[in-house]
Structure formats: structure tokens, C-alpha cells
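I have a structure I would like to understand better, so I am pasting it below and will then ask my questions one at a time.
All chains are identified by letter, namely A, B, C, D and E, in their written order; residue positions are counted from 1 within each chain.
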Amino acid sequence: MSVERTPSVGQPDRAATAPAVRFVGLGLRWAGAAAPLIDGLDLELPAGRVSALVGASGCGKSTLLRLAAGLLAPSAGEVRLEGPPLGPGGRAFVFQSPNLLAWRTVEDNVSLPLQLQGRSEPAAVEAALSAVGLLGARALLPRALSGGMRMRVSLARALVTRPSLLLLDEPFGALDAITRRSLHGVFAAAWAERGATVLMVTHDIEEAVLLADRVVVLGGQPLSVRAVRDIPGDRPRPDSARYAPAAIEAVRALEAAL
Amino acid sequence: SGAPAPGPSAGQPIRLALNWLPEPEFGGFYEGVLGGHYERAGFAVEIIPGGPGAPTLELLASGQAEVAISAGDDLLVKRSRGVQALGVWAAFQNTPMGLMVHAESPVLRIEDVPAGAEIAIEVGGPFQTFLWARQGWEGKVKALPAAGSVGPFLADPARIQQAYITSEPCVARGKGAEVRFLGAGEVGWNPYGTLVAVADPAPAWTDDFVAATQAAWEAYMADPARANAEIARKNPELSAEILSCVTEAQRPFLVGEDGLGALRPERFDAMASTLSSLGLLPPGATGAAAMRPRGAAQP
Amino acid sequence: MSGTPARSMALPAAVAVGVLVAWAGLASRLPEVLLPGPISVAHAVVDRWELLGRSALSTAGSAGLGLLIGSAVGLGLGVGFLWSRALELAVYPYALLLQTLPVVAVAPLLVVWLGYGAPVAVASAALVSFFPMLTAAHVGLLGVDPEQVELFRLYGASRLQELRWLRAPSALPAVFAGLRTAAGLSVIGAIVGEFVGSNGEPPSLGYLVLRSARSADTALTFAAVIAAACLAGVVYWAARTAEARLIGPWHPGQGGGRA
Amino acid sequence: MSGTPARSMALPAAVAVGVLVAWAGLASRLPEVLLPGPISVAHAVVDRWELLGRSALSTAGSAGLGLLIGSAVGLGLGVGFLWSRALELAVYPYALLLQTLPVVAVAPLLVVWLGYGAPVAVASAALVSFFPMLTAAHVGLLGVDPEQVELFRLYGASRLQELRWLRAPSALPAVFAGLRTAAGLSVIGAIVGEFVGSNGEPPSLGYLVLRSARSADTALTFAAVIAAACLAGVVYWAARTAEARLIGPWHPGQGGGRA
Amino acid sequence: MSVERTPSVGQPDRAATAPAVRFVGLGLRWAGAAAPLIDGLDLELPAGRVSALVGASGCGKSTLLRLAAGLLAPSAGEVRLEGPPLGPGGRAFVFQSPNLLAWRTVEDNVSLPLQLQGRSEPAAVEAALSAVGLLGARALLPRALSGGMRMRVSLARALVTRPSLLLLDEPFGALDAITRRSLHGVFAAAWAERGATVLMVTHDIEEAVLLADRVVVLGGQPLSVRAVRDIPGDRPRPDSARYAPAAIEAVRALEAAL
């Protein structure tokens, strides 16, 4: 496994407990594939900040997230997590598909990460469930959930350990505008509380500009960085920030790079 | 036989089902084929070897054999369960069954088996039931299932095992053990062995077949070489030593006080009453009807 | 859409009647010793009720214990194979050897080691039921959603945690499928063990089958065979009930998924 | 992460040596007739090579044919159960009866109907291998993703189309799990059939086991037992290979999914 | 099954081969649920038109689509398909999750509906694959696809039979802006060619206003129609139609009803 940890080197304040993610000369080739999917990618995603990854379908965003999480070993180069070491609950991943355990209720799915660390924190589970609006569904099995509800369970599961590194793969993709907006709030609050490093894949550039400190446009074969744009301004930003001229300009520019 | 039996048409086909693998206990039948005894009497005999539990009487009853080799007790029990078969000739006047002990064993006769002994035997078989009832062994002597191997016997000098004179003693001797065979006939269990059975009522060719069989067995007793060679060919697992050991060992059991091949109604009746006393046949069963004396009139 | 209860019971009833009629017809044309008719088997059941019951209980005990031991060993080995491919390569040949071992061939050994009576039956039941459970565990534990494995890895779950909270529950459907087979096999395994290792104390179905077959009491043989099937039926339905309870609520194969 | 080939072969080799040593040690303290040592078994294999080979071939034929028949019936019934719950209720009891049927109990019937020799072995092998295949089919065909069933319904797929293009492929992993068990069972089933239904023509492993046990040629018994296990091994690995080919590319339990 | 067919009663021209979908007094209660999910819902979705269904996560949109497809039997009321009878390939469903057959390649997944009708039309399969931009991935198995690629396979599978009734459950949810825009085009072209009746669940009201003739806002427990708005103007509409004042107004009004 090439995920390495180097000591913190003067990150901003709020990143005290969160790592920066640095891809160095990263390469990945799928078994049996003719060409590598990724070949010599360099990219830094700052500690304690929200980075959004956008790019065409199938370009390699989910793969990059898996590499950052250490779930996939790169064929070349390395993934460095720079900062204090992460505990077992320090990392969380919201997969593109909800990935729930079919035999566990909503509540037990959400408490799984705590259970794996030998912790039992019903209050944290309850808070996570209520944040995603699923307190009423806590006793249901996944098969009785709607698609959006499943996704929200998966989000709650990721938030419940209050991770320092949060990897989100299209977490709001299948949600209606209102649920989505309320989850943006939840997400912003969680971030504000903890100052986690967040890597978020999204297909929605407006959302990326609204939520992220840095937006990275990816594309090409092999995968390369098409554009990187830092979005100034403190977060959490109100939903109306969407319509600010600077934001609209950023969206235009990023869409052009896509 | 005075009345001229209607001569069988040339080459009356006979399927003769053995109740075990080709072995010397069937030597006469092989001799009958090889020596032309059957052919001369107008039979085309095909010998069907059997194996463990060979259902010969059932084959007879379902028309897949014309002649079944069985034993006296077996015939009586199966007749009571719907098999229409008739005993017409028997090779073993004395049952080849008995117990086997090591030569150094203090058990010289079956009656000597001490309380607390263990005997490996076909548990639940008629012989075991008979022994325990007749010898008063119930609760005193333990019946162990015989697993079809003389291994445990050879491994344990105190072991007592059910045996056929045609098999286990020679195997044990072949393995270097000295053994003593205690015949069951001596304690009153004496069904005919290698009993020739045909359908009941007996087919017209029965007497001719019996006569040819008698001649064949007499020839075999005089010179077993040709038939034994055939048996060895059919059953290559049988070593030459065992083959000759068995051929000699079985002789005294083949010829009884009535000579070779005879059947006596009294012995069938006696066996029937023994079996009914054991609960294997209904009370009051008789056995004479299960056999036909040689040359009896055709129905 | 399995129809009304009445309709769904009509076919079983018809088949049962058909089987009985065919059996009786066949039996009437064969000697009793070959195939006793339903009535004489029923007679045997009624007459020997107590003996059959006691025998079935003893065989049930051996089968149950054997199934327990076989399942424990099979499932344990399945976990071992999951964790070590080398162990799998090392042990699978012997597992196959055990599965194809004719009990008759090692009966003298078993008897020497275990003595006569139930232990041989238990060993024989364990021998035959262990392989289906091993296969089920092996297949079930490996056939887990790879993304869910990633989830557990991400949280630094230990092997034991992964086993307990992910692989084991997700293997349950396969394990229960194995159990259905193993349940019946344990009964026949016990019976075969009783053929070679029972001396009639206590009476058991295997002993009864052998004994009645030797004394040509075929009606009793068939009664014992039916008792064995009933035994297997009980174990089987117990397994199915546990299955429905444990995986019914979440597994698609359970309950309403029928075409 | 199953280690280097060298490491992954070290354990199997060590276990094999360990088993041989333990066997030899045990055998040296028991009489040869109870447990022959590895060397005398090896001698028996070499000396009786031709007989063992011919017997194994004949048993392999019976086991293979029985497995084929048992699988066909089992899979067919599994499809029947899928389509009719009433059929399941009607037929399952008899399936259980067949699975727990001691071949000894019906040996005379089998011999009368089928004659001596291979047919009884084939029937016996089919009897034992049919149940695991039935269970596998039953479980596999029902355990399909309900949304995929909806997809087929939507397009008005016939039952047969649903079976052929959805349920059958999706049942393959379960069916192969059943096949692993059935493969070994068919070998032991054939051997048991040969115990009761063989008259030595042609020689077969079951006959050899019986014969050699009676003549206290325990080394040959063990050689035959090992030959049977090898047979099962061949069938087993053939099944595994077919499995890897057919479902390996898409099923998570195959290939790289190991922990 | 309560899905009934009544003869066509003077539908607009292009609806000649497409049915109207009418829910009459519809009720649905899940087994074991305390309250019904749907209770007495009446709604008509016109023949040969695109209707968009929007509503909060978990409100019952997917369930309604299943009822319309006849995959679920209502507990009360009925679903009427009014128009000419639909052939076996006349109906298509894009499920919320991609629902691909794991053992079939992309190409064979797409050709499945044709195969089920005994048809073999490689050209149609090729056209569908090229429409969703997956010609290069035709030989891959689903396990080697990205999330968005899976969804696109599912779309291609639905289009390949050129259905008269097309039911789409968040078909563009997990796709980036560009892929999405190109699929809007594909979708519009397919609709123009055939004049199918389309029911589309989406969480994106802007998308709904851009693509649909009628937008239905659903919500509440039990489910009721919160708002129905017909969007005037011929389709397909150019992407810029999104910024027309009428469209923006419609989006505002519908969001308010949500």
C-alpha cells in the first residue's frame, strides 16, 4: 500500500487534526486494460479544506477517491496524507452507491463505524440520523427505503464518527432540491465543527462552487487536471451565494474547462 | 424316476443366480457348464454371480432367473413373505456357517463361549437370533456388528467371529493365523446351504436340471481343477492358496448322511419350527412344502 | 402468486394419493419381501411403534450431534480457508478424502477407537455433513460485495470484525443452503454409521434397517426408512424456519419473491 | 493477498508431510489389518495398479453418469419448485425421503429392476447427488435481484426467458456450490451402490473395498479409498474450473476477492 | 393487476401510438405499514407528452412509477393506460439504480429487451450505445464501469426498443453537466422521433422545466399532488431556454410548492 503519512508541515489552524492529500506522480492501470487510466498525476488538496472534484462520467473521479482512501493501490507514484495520523474512525467514505448492509436496520447501519471501534454512542447516531432526516426510518431495513433515503443513510454513517478526512462520491446526486439544501447545511455544520479535509466528487459545478474551497476539473485519458480554482470567501456560505457574480463567473469558467 | 418326464426342448435357457461371488461353494455349477453336464441334459445355463445381499430369490420371483441359489432358512422366511420358490437340491448338507476362534482359544465348542464374551456377527440375522435364544446368551454375550472384515479378528486373539467355512477361516490362515471353526450344525442350526431353488410350482424341467446338477457336483468333487480354474478366472481376487484351502475345507460339509444333494422334509419342518420359535416365521409354520423331493409328480 | 391455500394443498394431496396408489399397485405385483405395500408398512409402524420411536430418537441424537460437529468443523475450516489460501490448498484434499470415505472401509478403525454404539454413528454423521457446510461457508464468505469489504477496510476493521459483522451475515443464505443438504445427510450418515457400529444397544434406525433386512422383514425396513425421512424432515424444516427468521426479512430469495 | 507461490506451497507441503508422518506413526502402533502404513498402501497401489485403475474408471463412469442424472433431476425440480409452490409442497417430502434412503434397504429392488453392476451404482450416485443440486437450484433461482425480475416482467418476458436469461445465470454461483458437494457425494454414492449391487463384473472401487476388507487386505482397501478421493478430486476440480470460467469474470466470490 | 387499457379517446396527433396515464383513486399501503403511502390519488399524465414528477426524497415517486408500469399492484383504485395497446417492447423503465445483469457485457445488457422479443437489431443497439457515448465500452462487464456509465447503459437499454411509454427514475442524477446535456439531446431526439409518453422522476426542477410539458410536484403523507404546471412551448427546447424569464418563474413557483 503506498498511502504514506508525513508529519504536519505548517497547515492552517483548523487543519490541526486534518491531513492534506497529495497525489505524487500517481499512476493506475486496470488489470487487462490497454492504456493506463491515470499516468503521472500530481495534485494537492489542502488540509482542513473542502475540495470538489468534477469531471466527465467515467473519467476516474471515483477511482481517485478510492486511491486517496487507500482502498486501491496505485500502480505508480504515491498518495500522501500529510498531517497527524488518522485514527480508525478518522476517515469516512460515502460511496457512489449507498452500500448499506441489507441485514441491518437504518440505525444499525449508521452505528456500524462506531461499533467497529468498540464505541457505543447512541446520541451520535441519533444526531446523524436526525441531520439527514431519517429519525422516523431508524428501524427500517434498507430494502424498504427509497433511493434517496439509502443515500442519506450512507451520509449519516460517514458523519457519525466525525472524521478528519471525508471522501464523498456524489453524495447529493439523487436528492431533491430541498433535501439537498438541508444536507448542504448539515455538511457545512459538520465541517465547521471539525475542520475536516473533504474531497467531494460532484457532477454539479454550481454545488462545487457553493460548497468547496477548491474546485478541481479533471478529464482526459490518461486523467489530468484541467483546471484548479480556489473559491475565496469563508464557508459555510448561504445558499444565495450561488447567485453572486463571482460565483457565476467561477461556474462559467469551470464549465468551460470541463 | 419312473414316469418319463417330458423332455425339455433343446437348449432350455436357465439363468442361475448365485448368492455370492464365484467361489468353490458353487464349484459344481461351473463344472456343470464346463463339463457339458447341463448341455447334455438340454440346458443352456448362464451363471449370474451375486454379491453381498444378492437377492436371488427375488430375482427368481420377478422372473429374472430360473434358478436361485439360496439357503434353507432364507427360503422359508422369504416364502412367508410372498416369494413363490421351491427348494429342490442342496450342495451343503451341513451349513457352512459357524463361529471362528483363534486356535489357542479355550473355546472348543460353541457351548464353551463364556458369559461376557463378545462375538462379531451379523447382528439381527437368523443365526444370531437363534444362538442367543438357544444358548441363553441374552444379556450375557455381546453381539458386535461384523463389518465385513476379518481385520479386527486378526488383531485380537480373544476375538470370536461369525464365519463361513468357505471364506473367513482360509483368509485368516492366509494371514498366518491358526483358527478353529465351530460349525453351527453342532448346536442345532443347520439349514441347507447352496440350496437350489426354482419357481413354485416347479417347472417341468426341474428333475432333469437336478439330475444334471447332481452329476456335475459329483464330477466337481472328484476333480475340482477345471471348475476352480474358471472360478479363479472369474474372481481373480481369490488367491490360489485360498482357493485350494476352501475346496478342501468345504468337503466335509457338502456330503452328509444322505449323501450329496438330498433334501429331507423333516429338516425343513424342523427349521420352520425353529424359525417360528424365533419369531421369524408365524407360529406353527411347517417347512416341508418349501421343498420337493426328487422325482415328485408334476402338478 | 402461489394461489389460494386450498389450491396449493390440492396438488400435494393429489401427489400423495398418486404415490400411495402407485406404490400399492407396484407392491401388489411384487413379492412382499421385495416391496411391501403401504398397508403392511402401516401395520409395521403401528405394531412396532415404540421400537421405531425409540430407534428414531437415538438416531436423531446421533444425527443431530454429528450435524453439530460437522457444521462446526466445516464452518470453522471455511473461515480458515477465507483467511489463508495456503490452508485451503493444504487441507482441501483431506476434506475431499473425508467426504468420499466409505464408512464401511474404516468401520473397524472407528469401532476400535470409539467403541460400539452411538459414537460411530455420530462420527459418520459428522463426516458426511461437514463437507456441504465447508463448501457453503467457503462460497458464502467469499461472495460478499467488494464495496462493503472496502467499507470495513476503511474503518480499519479487524479480520474478526469483518467476519462477524460483514462476511458471516452475508454468508448466511449460502450457509443455510448448505444446511438443507447437510441436515438430510447427517441422518443417512448416522444410519450408515449404525450399520457398522451399532450392536442394538440402544436400538437405532440403522440397526433396525439392517436387522429387518436380514430377517427379510421388509415392512419394518420400509417403516424405518420412512421414520428416517421424517427425521430428516424435522431437521430440514427446523433449518428452514431458522433461515426464514434470520435472513427472511432481508434476503430476496425469501418470502414474497416467488414468480 | 495470498503470499508468494513458494510460501503458499509451504503449508500444503508441511501438512502433507505431517499427515504422512502421523499416519505412519499411528499405523506402526496398530496391527496392519486395522491400519496399514503409508508404505504398504503405496505398495498396494503399485502392485495393483491395473486393477485399481480399471476399478476407478468403472466407478468414475457410474459416479459421473449418476451425477449427471441427479443434477438434471435436481435442477429440473428446482425449476419446477420455482414455478409452482404447490409442486414444492407436493414433492419435497419425497425428495427428502430419497436423500435419506439407505441404499441397503432398497438394494434388492434396485438389483431386480436394474440388474447387477453399474446401473445400481449409477442409481445410487444419482440418489445422493440429486438433493444438493435441488437445493442449490431452489435457493439460487429464488435469490435473484427483485428489481431485475421487474425488468423482465416489464418487457413481458416469458417464464422461460426469465429462467434462461435472468434466473439461471444468477443462480450459477449457488449451483456451483451445490455441485462441489454433489461431485464428492456422487463418488461415495456410486461406491455404496457397488457395495450392494455389484457382483464383481466389472471390478469397481466399491467392490474392491468390500472384497479387500473381507480378505483382510487392508492396504488394498486404503488404496481404493484413496483412489475414490482422487476421483472426487478430479470431478471437484473440473467443477471448480468450469465455475471459474463461467462465473469468475463477474462474481465477487471468484478470483481477487480474497481477504 | 389493476392496470387497465381503455380505447384511445381523441388524443393529440403525436400521441397516436402512445398512451395517457391516469391514476384514479389510487391507494397503496406497504405490508406492515401503519399508514398508507398513497391514499386516493388522482392524476392524469397526457399521452405523447413528457411529464416530470418532482418531490421530496422518500415521498413516493419511484413507487408511483412502478405502479404506472404495472410492476406493483395498487391496494386501491386503478392505473389506466388510455390509448392503443402496448406491445411487449412498448414500455421501458430506467430504474433509479442501474440494475444491469452482471454477467452480460454492456452491449448484451442493451440488447436484452430486443432479445426478449426475439429481435436482433445490432444497428439499434449500436445507435443506443453511441447515443449514450458508450460505444468504446461495449465489451466491458458492468463491474468495470463507473457509476455514471452504468446509468447510461441502463438508459440505452430503455431507448433501444423505441418504447411508447417511457418511465425514467432519476436517469440523469449521477451524471456530470456535459454528459447530462448531451443526454438531454438524446432524450429529446428519441421523443421527437416517436412521440412517446414519458414519465420522468427528477430531483432537478430546472431540468423538469426544461424537458417536460407538464411538471407535477408531489408530496405529503399520504402522497398528494401539490402542484401541476404545464410548460408551454414546443420541445425539444435548446439548453438556453433554461434562462428564459418564463422558465425561471416556473422554477420559482414549483420550488415554492415543493
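As a working rule, contacts are C-beta pairs under 8 Å (C-beta built on N, C-alpha and C of every residue); 3 or more make two chains touch, one makes a residue touch a chain.
Only a predicted model underlies this, so the values are computations on that prediction, with no experimental measurement involved.
Hey, what chains does subunit B share as contacts with subunit C?
In this structure, the chains that contact subunit C and also subunit B are D.
Any chains in contact with both subunit A and subunit B?
C
Distance from the CA centroid of subunit A to that of subunit D, rounded to the nearest Å?
49
Using mean CA coordinates as chain centres, what's the gap between subunit B and subunit D in Å?
Taking the average C-alpha coordinate of subunit B and of subunit D, the gap between them is 38 Å.
Mind pulling the residue numbers of subunit A that touch at least two other chains?
Within subunit A, the residues that touch at least two other chains are 97.
Any chance you could list the residues of subunit D touching two or more other chains?
Within subunit D, residues 30, 33-34, 104, 108, 112, 145, 195, 210, 213, 251 contact more than one other chain.
Would you give the residues of subunit B that are in contact with at least 2 other chains, written as numbers and ranges?
Residues 53, 55, 58, 62, 147-149, 151-152, 155 of subunit B touch two or more partner chains.
Can you name every chain pair that touches?
A-C, A-E, B-C, B-D, C-D, D-E
Under the touch definition given earlier, write down the residues of subunit A that touch subunit C in their complex.
Checking each residue of subunit A against subunit C gives 66, 69-71, 88-89, 91-93, 95, 97, 99, 101-103, 112-113, 115-117, 141-143, 161.
Provide the residue numbers of subunit C that touch subunit A in the complex, in ascending order.
Touching subunit A: residues 145, 147-148, 150-157, 161, 165-166, 169-170, 172, 247, 249-251 of subunit C.
Okay, in this complex, where on subunit C does subunit D touch?
That would be residues 2-3, 7-12, 14-16, 19, 33-35, 82-87, 89-91, 93-94, 96-97, 99-102, 104-106, 108-109, 112, 131-132, 135-136, 139, 142-146, 149, 159, 162, 173-174, 176-178, 180-181, 184-185, 187-188, 191-192, 195, 206, 209-210, 213, 221-222, 224-226, 228-229, 231-233, 236, 251-254, 257-259 of subunit C.
Quick one: in the complex, what on subunit A touches subunit E?
30, 54-58, 60-63, 96-97, 137, 144-149, 152, 169-170, 173-180, 203-205, 255, 258
Along subunit B, where are the residues that touch subunit D in the complex?
So the residues of subunit B touching subunit D come out as 18, 21-22, 48-55, 58-59, 62, 64, 147-152, 154-155, 167, 171-172, 174-175, 234-237, 242.
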